[in-house]
Structures are given as C-alpha cells and as structure tokens.
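Next come two complexes built around chain A: one with chain B, the other with chain C.
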Partner chain A sequence: MLLSSVIIVLREVLEAALLFSVLIALSKQMGLNSRWIIWSLLLGVLGAFTYGMNINNVSEWFDGVGQEVSNALMQLTIYFMLVVFMLMLYHFSCKQKVSKFPLSLIMIMIILLAITREGAEIILYFFSVTHSQNYYMAVLVGMTIGASIGISIGILFYYLLSNLKPERSIFIGLVLLLLVSAGMISQASLLLIQADWLPSQLPLWDTSELLSEKSVTGQLLYALLGYEATPTAIQAGLYLLGLIFPISIIMGLKFTYTRKKILSDRPTKQ
Partner chain B sequence: MKSIRFFLSIVILSTITLMAFLSALNGYRDSMTKAEQLFDSELMDKAHLLSIVFSALHIKNKSLNTDVSLIDLESESGKIDNGLTDETRGEDFNDHFFAFQIWQNDQLLLRSLHAPETAISQFKQGFQDINFFNHRWRAYSYYNQRSNLWIITTERKDIRYVLAENIVLETILPVVIMLPFLGILIWSIITYGLSPLRTLAKELGSKRADDLTPLAIDKQPVELIQVVNSTNDLLKRLKASFFREKRFASDAAHELRTPISAIKVHLHNLSHLIPLPELPSAKNSFLQLQSSVDRMGHLVEQILNLNRTSAEQYVTRFTELDIYNIAQDVIVKEYAHFEEKQLKIALEGEHCHINGEQFALEILLQNLLTNACKYTPEGGSVLVNISSDDNNVYLNVEDSGPGVPEDQYERLFDRFYRLNGDCHTSGTIGCGLGLAIVQQIVELHHAKISLGQSSFLNGLLVRVIFPKEGAK
Partner chain C sequence: MNAAMINKTSFFILRVTIIIFICQSIVYAATPVIDIEIRNHLFIPSEIVIPENTKVKLVIHNHDETDEEFESYELNREKVIIGQRKGIIFIGPLPAGEYPFFGEFFPKTAQGKVIVK
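Right after this comes the complex of A and B.
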C-alpha cells in the first residue's frame, strides 16, 4: 500500500509542483509580483475540496463518465492556457511589451485548474483507502513520502531555473512547458478513451519492462513528458499534435518579428 | 535569491528529503522482498515439520494395519479443530492466515479447518500463488517419498503483505517523523553559520555617516576576510577623499572670498571714479558686472554652507534650542532685504524647543527667508509660523509669490537646480543651492520637509517638521 500511495500521490503532486515551479521562476524573470501565487494556491485548494466532495454528482454527468470527461476538459483548458502563456513568454523574450494582468490571470487559471484536478484525486484516494484501518499508517506514510518527493523536486527545479541567466531560463522554461503541455493532451486523450469518447486501440508499443510507469523515474517522466509505457496511436498522435501546435505558432511569431525587424532596419529611399 | 539562509535551508532540506525518501523507498522494496522470502522459508519449514510428524505417524499406522490411512476424514478426529462452534467459525474464517492439506494418492488424509476439501494446488513441488475462498494464497507443496505423502501449506498473501509492511513501516516511519526536526535543525545550523555575515552587516549598518574607522578583522571567518579587507580599504580611500574634498571646498571658498571682496571694493571705488550717468552703455556693463560679482560671492557662501552642513563633515553638537528665538534673530538679520522690497514679514506661533544645532538652523531659516524674499513680488507678504503638537514642532514659511508648479517640487531640492533654469524671471541672485542646503540640514535633524501651496497667501508653503525628541 505504501508504494502505491507513493506513486499515486507523487504522480499528482509532481505534475502540479513542476508546473508551479516553472511558472513561478518564469514570472520572477518577467518581473511579476508574487500575489498571483497566493491567489492560485488558495483558489486551487478550495477548488480541489469542492471538486473532490462533489465527485459523485460529477461522475453521473455524460452517462456516468462525468469524472473522466471533466478531468479531460480541465487538462485541455490547462493545455490551451499554457499555449497562450508560452506565446506571451516568447513575446516577452523578444523584448516585446507584455501586459502583466492577463499574464497573472492565465497563471492563476493554470495553477487553479491543476491543483483542483490533482488535489481532488489525492483527496479521493485518501478517503477511499483509509477507511481500512489496516492500511491507514502505510497510506499516510506513503502519501507523505510521495508529496515530499514531488515538492522537493519542484523546489529544486525552481531554484535551478531562477538561478540561470534570464534568456536561458526562459528558453528552458519554454521547452519544459511545451513538454508538460503536450503531456496534458496525452492524459486528456487517455481519459477520453476511458470515457469511450475516443476509440480504444491496441497499444503502439510497450516499454513497461524497460521503464515502468510505477517507478519514481517513470513518474518523473510522466509529469515532465507525459510518458506512457503503452500509448495508443490516437494518444501518440495527439501528443505530437500538442507539441507541433505551439511550436508552429512560435515559429510564425518568430518569422513575423524577423520580417518586421528587417523592414525597420532597411534604409528608406530618399 | 532574497535570503541566503532561506535558500540554503530550503534547498538542503529538499535535497535531503529527496535522497532520504528515495533510499527509504528502495529500502522498502528490498525489505518487502526479504520479508516475502522469510515468509516463504517459514511456509516451507511448516511443510517439512508437518511432513516429519505425520510421516512418522503414518508409517507407524501402516506397520500396524497396512490398509488404514493416517486419519479417517469421515470421523471427527480427521479435522484439526480449534474449539470453535459452527456459528463463530464464519466470523473467524477471514482472519485465518494459515491452512494445510496432507494427501496420499489423490486422497485427502488431513486438512486444517480452513482448508478446502479439494487439492489447494497442483501436486508439484515448490511455491505457487493460488486463489481460494476469495483470497490470494501462497502455497508450498512438498512430497515425502518415504511415506508417499503430499504436504501442502498455504498462507494468505494479503495478511502476509500487511504483516511485512507493518514491520518495514517501523523502519521508514522515523525517517518521515524526523523530517520536520531536520528542517528546524538545518535552519538553526545555517542561522548560526551565517551569524558572522549578519554581525558584519549590522556593524556596517550601524556605522555613523562620519565614522570611517576600519572594521575589526581578527574575529572574521576566512570567507569574510576578503570582504572586510576590501571594505576597510574602501573606507580608508573614502576618508582620504572626504578629507581632500572638505579641504578643497573650504580652501577654495575661503581663497575665493578674499579676491571677491577686493573686486567688490574696487567696483565700488570705480563707480565713483567713472561718470557713469554720462556713459549709458558702460553703466549697463558695470551693473551686470556688479550683479555677477554678487552672484559669485553668494555662490561661494552657499558652497561653504553646503560643505559645513553635510552629514559627512558635520560633527553633531545638538543642544536644546528655541526655534522661535532663532527665527526672530534671522528675521532681524534679513529685515533690510525685506524692507528694500517693501515686503511685510510676520512671525506667528509659540516658543517651541527642539534638539538641534544653532548654526545649521540659522542657515536653514536664512535660506528659506531669502528664497521667500527673492520670489515674492514687491509689496507682498511673508509669514513664518511656528507651532507644535505632542510629537512634532512645525515650522511653516509661506509667501504671496507666484508659487511653484507641483511637478517641480521634487526637483527644487536638486543641487544647482533653479525653477525655469537660467531664464529665471525673478532676476534675483541665486545659484540653486538654497533648498539643497535646507534639505541637508533637515536630514541632519531627522526632520521632514514638504512643499505645498500656501492657503493664506497663495504662494509657496515650505513646511519643516522636527521630531520633538530630536536627533540626539
């Protein structure tokens, strides 16, 4: 029970902690104040409790697959918010002006949704498992260990990112967010497959022997890259699409900026 | 990185947590495997023990009567009972951890109460995982060739798991519990380790502006010696530089005073020697020359004042003074200028005492009154008001001049800044140092200065707020 508690809690905490630490480090680099952090945490915890406590009602939606569908919708919303955030970040890295209020609002929304979903999963797991006295201590210790490992990795990531040079930190942050956001798409597609909204298929490959999802490394890669040992073709395709979509917009932006610069640098005819 | 202490504490704690928990997880996995092996060997021992006991019994029975099996299952003695009734058996059933069967030639000779009547596992030597009675069991089958008996011993896997986990948990729990204490310990150690840095910062922070004595180096840790050496070197150079600046400014001002006074005397003499009214162009140049010399004289005086009242140079000699009396004296001294412009000057308020320096406060008031006099049109009024409450003493100087736009208030305190620059409309002598000197004196007295619009006279209002306790 201890090991499964560690893995379940680590899976949820690590994802939120990584997202959180990357966003805080980047917001510091962009000169935002830290008020949004407190707001997003407070609202997130509140959201997690509300969602966790009403999960029975939510599950009944959409012919009994409400939980899967709403989780998938949350993941998709986080993905699109992350894409907007990445574009703003790229905009900022090109020495363009970025308005701080919408940026803070997007970050609050991302963290709020992430904590709501992950927090609700942890709350549900805790209440469903601890009614058996046999496992109480093991579950509690496992959850503490899982949460501590997740938070520790998040903290170390934060300090690693915030102590880099701004340009490098923004670049690494952008790459991390890109991978995490594509992972969100892959998770959302898995949830929709579970809800039968997407067709289920045979897995494309099976790397569980090589790197099990149930190991700490597997969980770290799951949170970072959306690692799946047995992905289906739809999942892998959507993952790739999730990667290509923001990259192509960023490339488009880059092209526009370069063209603008060339035009403005060109001497005007007398 | 806002605080080194916070950064070190949190990063060290995170790293230790990560490492400790990862190794605890590894240890947990290994311990669980070992516990599993231990249970397996115990299960094997039980089978061997049963085999030894029942083989001996079986061989003995066989020697007496060859066709009689070990124990007749149909008889009550064929079951090993623990004294439970049929009603209580059901409740107790789920808690049973161990079961066994003894077989011979497909015939069940003996079984424990909670074992099924069919063969638990295949008749194949070794360990197997099997299901029966809604649980997962670990079974060990052993064949005794001498007695031709199959002994099958089983244990419930879930109970084994809980038992093993409870034992392993006992070793992991201290690691989890010690974490908050470890956090406190790390915080305390880092706080203690950083104390020389804090002491150094405190020592530097509490240094008076004019205290340029070097810092003590003997008690500093190796890491800080370079910092202290560099700071001391800087202080030494700063001291020499201040000394040079002080000497230069005061010497230059002193040296300039004499020739300026001489120029003034010669100008005065010249004005009597040349028939100026008959030479209008010469008169104009002469007046401009006189004005420039006055301006230069004023500038030299102001530079001297600025130098004398600067915090770096000033040796504080604060005494309790009546600011009302000082204002009275300064007004008397400056009265001639006011009379010249036909300005009305009034002093209102009460006698208030503050801790201050007589000479500096005189310069402060002189500068404020000179400014008011300069910028108030002829026939205007200037009001000096001194009041107090429980904590502060207020000095207000108001005039009926044109006032100053609000966005210029801050800049007025800059050195050599004059409103509207060189195109000053007042045509009065000034060098833009007056309010800079006033601000310097205000800071010296830990007072505050603010500018505003006079509600009585519609000109500029300068308000200085002295704390009653004053700068000691």
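Right after this comes the complex of A and C.
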C-alpha cells in the first residue's frame, strides 16, 4: 500500500509541480509579486475538492464519458492559457510593457485547473483506500513521501531556472512551456479518443521497447512533454499542431517587432 | 417528369436509404461490448480476448463501495470508476498482443489483461 500510494501521488503531483515551478520562476523574472501563488493554490485545492466530490455526477454526463470530456476541456483551457502566457512572456522579453493583472489572472487559471484535475484524483484515491482503517497510516506516509518527491523536483526546477541569466531563463522557460502545452493537447486528444469523440486508430508507432511509459524517465518525459509510446496519427498530428500554433504566433510577433524597430531606428528627415 | 421516372427516382432513394441503414448497422455491430466487474478489488474476468484491429467498448461495473481507477500504459487508458457505478472505456483498434491493465487504487489485487488475437 505504501509504495503504490507513493507512486500514484508522485505521478499526479509531478505534472502540476513542474508547471508551477516554471511559472513561478518566470513570474519572478517578470517582476510579479508572489500573491498569485497563494491564490492559485487556495483556489486549486478548492477546485480539486469540488471536482472530486462531484465526480459521480460528472461521470454520468455525455452518456458516461463526462470524466473524459471535462478533463479534456480542462487540458485544452490550460493549453490556450499557456499560449497567451507564452505570448505575454515573449512580449516582455522584447522589452515591451506587460500588464500584471491579466498576467496573474492567467497564471492563477492555469494552476487552478492543473491542481483541480490532479488533486481530485488524489482525493478520490485517499477516500477509497482509507475506506478500510488498516491502511490509514501507510497510505498517509506514502502520500506524503510521494508529494514531497514531486514538490522537491519542482523546487529543483525552479532553482535551475532562476539561477540562469534572465534572457536564458526566459528562453528555456518558453521552450519548456511550449512542450508542456503540446503535451496537454496530446493528453486531451487521448481522452477524447477514449470517449469515442475522436476517431480511434491503430498506433502510429511503438517505442515502448525503447522507452517504457512505466519507467522513471518515461514518467518524467510524460509530465514534461506528454510522451506516449504508442500514439495514434490523430494524437501525434494534434500534438504537432499544438507546437506549431504558438511558435507561428511568436514568429509573427518577432517579425512585427523587428519591422517596428527598423522603422523607428531609421533617421527621420528634417 | 412522367410517372415512370418518378417511380424510378423514388425507388432509387429507397435503395440508398436501405444501403445507408445497412452500413450503419454494420458500423454499430462492429463495436462489441465487453462487461468487466470489479469485486473485492479484483477484475472479473481478469483476462478478456478481443479481435485484432477492432474497436471495443468496455463497460466496467464496480460492485465495491470504493472507487477504482482503471489504468493501462499499454492501452493508453485511464479512468476513475466510481464505487457501485459503471464506467465506459473505448479501446482499440489494436495489433495482436497482450495489454495489461490494473486498478491504480488497489494495484496489488486489481490486475488484468486484454489479449488481442
């Protein structure tokens, strides 16, 4: 019981912790105070409880695939919020002014949804497993260990990012968020395939021999970039689209900024 | 338009409708349903056999009071099955092989596999 509770909690916490640490590190670079962190944590825990307690109703929606659809919807919302955040981050890195209130709001939304999704599962797990009293202590210890490992990896990530030069940490942060966000798209598409809302196909390839999703590296890569050993063509295609979409907007912004700069640098005729 | 032509057209429409109905029923028939029960943190049956390259609808009935999470890395599936409720999961099409699944909340006992032939 102890080991399985370590693993289940670690898996859920890791994903949210990585995202959280990258956002905290970047928000510090952008000169934001830490009030948004407390808000997102509070609202996230509240969201997780609400979602967890109502999961039996949610499951009944859409002919029994309500869980998949609402989880996919949350992942998609996180994706679009991340895209907006990345654009604001890019805007900031080009020495442009970024208004802080919408920025905090977007980050709160991202973390709130991430904690709601992952936290609800932990809550359901806790209530299921502690249903019989004899597991209580082992589960509690296991969950604490799992959460601590996940949070530690998040803190490690935070310090790795914070100790870089600002430009470099923004660039690496941007790349990480890009990968995480595309991973969200891949997970959302998988859920919609599971619900039969997207067509199911034979897997495009199978790399489970090379790198199993069960391995530690596999789990880390799953949390970081949505690694799947056996994706279908639709899933892989949507993942690629999820990568290309923000990159192309950023490229467009870059083009606009460069042109603006050239225009303003040009000496004006007297 | 003469009567014979109208007759011909309506006959054509009827034929198309029948063909559409047949095709649809084939599509529906192509999604077999398999029931799995969860009792005392065990999957019953713990092994199911499904045909190759076919989408299958799994209906998982959880008879326990506790929730369980159906999870499989090989099938790429993950879903919470609430206690004393049922849950639907679509799997496949899959190439032949063995695909283990487990209950993430009670992995010691809740183990099973899908055999694709």
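Note that the second predicted complex is superposed on the first by the 242 of 270 C-alpha atoms of A that agree within 3 Å, B and C clash if a C-alpha of one lies under 4 Å from a C-alpha of the other, contacts with A are read in each partner's own complex, and residues count from 1 in each chain.
By our rule, contacts are C-beta pairs under 8 Å (C-beta built on N, C-alpha and C of every residue); 3 or more make two chains touch, one makes a residue touch a chain.
On a predicted model such as this, the values are computed, not experimentally measured, just so you know.
Novice: Between chain B and chain C, whom does A:145 touch in the aligned arrangement: first, second, both, or neither?
Specialist: In the superposition, A:145 contacts chain B only.
Novice: On the A-aligned overlay, A:156 touches which partner chain: chain B = first, chain C = second, or both, or neither?
Specialist: A:156: touches chain B, not chain C.
Novice: Looking at A:54 after the superposition, I want to know if it touches chain B, chain C, both of them or none. Which is it: first, second, both, neither?
Specialist: neither
Novice: Counting only touches as set out at the top, which of chain B and chain C does A:216 meet: first, second, both, neither?
Specialist: first
Novice: Looking only at contacts as defined up top, I'd like to know whether chain B or chain C touches more of chain A.
Specialist: Ranking chain B and chain C by residues of chain A touched puts C first.
Novice: Looking at the overlay, does A:124 come into contact with chain B only (first), chain C only (second), both, or neither?
Specialist: A:124: touches chain C, not chain B.
Novice: Output check: A:67 vs chain B and chain C. Expected answer is one of first, second, both, neither. What do you get?
Specialist: The answer is second: A:67 touches chain C but not chain B.
Novice: Residues on chain A in contact with chain B in one complex and with chain C in the other?
Specialist: 1
Novice: Spell out the part of chain A that touches chain B in their complex, as residue ranges.
Specialist: Listed in rising order, the residues of chain A that touch chain B are 1-3, 6, 134-135, 137-138, 141, 144-145, 148-149, 151-153, 155-156, 159, 162-163, 216.
Novice: Using the touch rule from the top, collect the residues of chain B that touch chain A in their complex.
Specialist: So the residues of chain B in touch with chain A come to 1, 7, 10-11, 13-15, 17-18, 21-22, 24-25, 28-29, 162, 165-166, 168-169, 172-173, 176, 179.
Novice: Can you list the residues on chain C that touch chain A in the complex?
Specialist: Listed in rising order, the residues are 53, 55, 57, 65-69, 73-74, 76-80, 82-83, 85-90, 92-95, 104-108.
Novice: Hey, which residues of chain A end up touching chain C in the complex?
Specialist: Those residues of chain A that touch chain C are 1, 4, 8, 55-56, 59, 63-65, 67-68, 121, 124-125, 127-129, 131, 190, 193-196, 200-203, 208, 212-214, 228-230.
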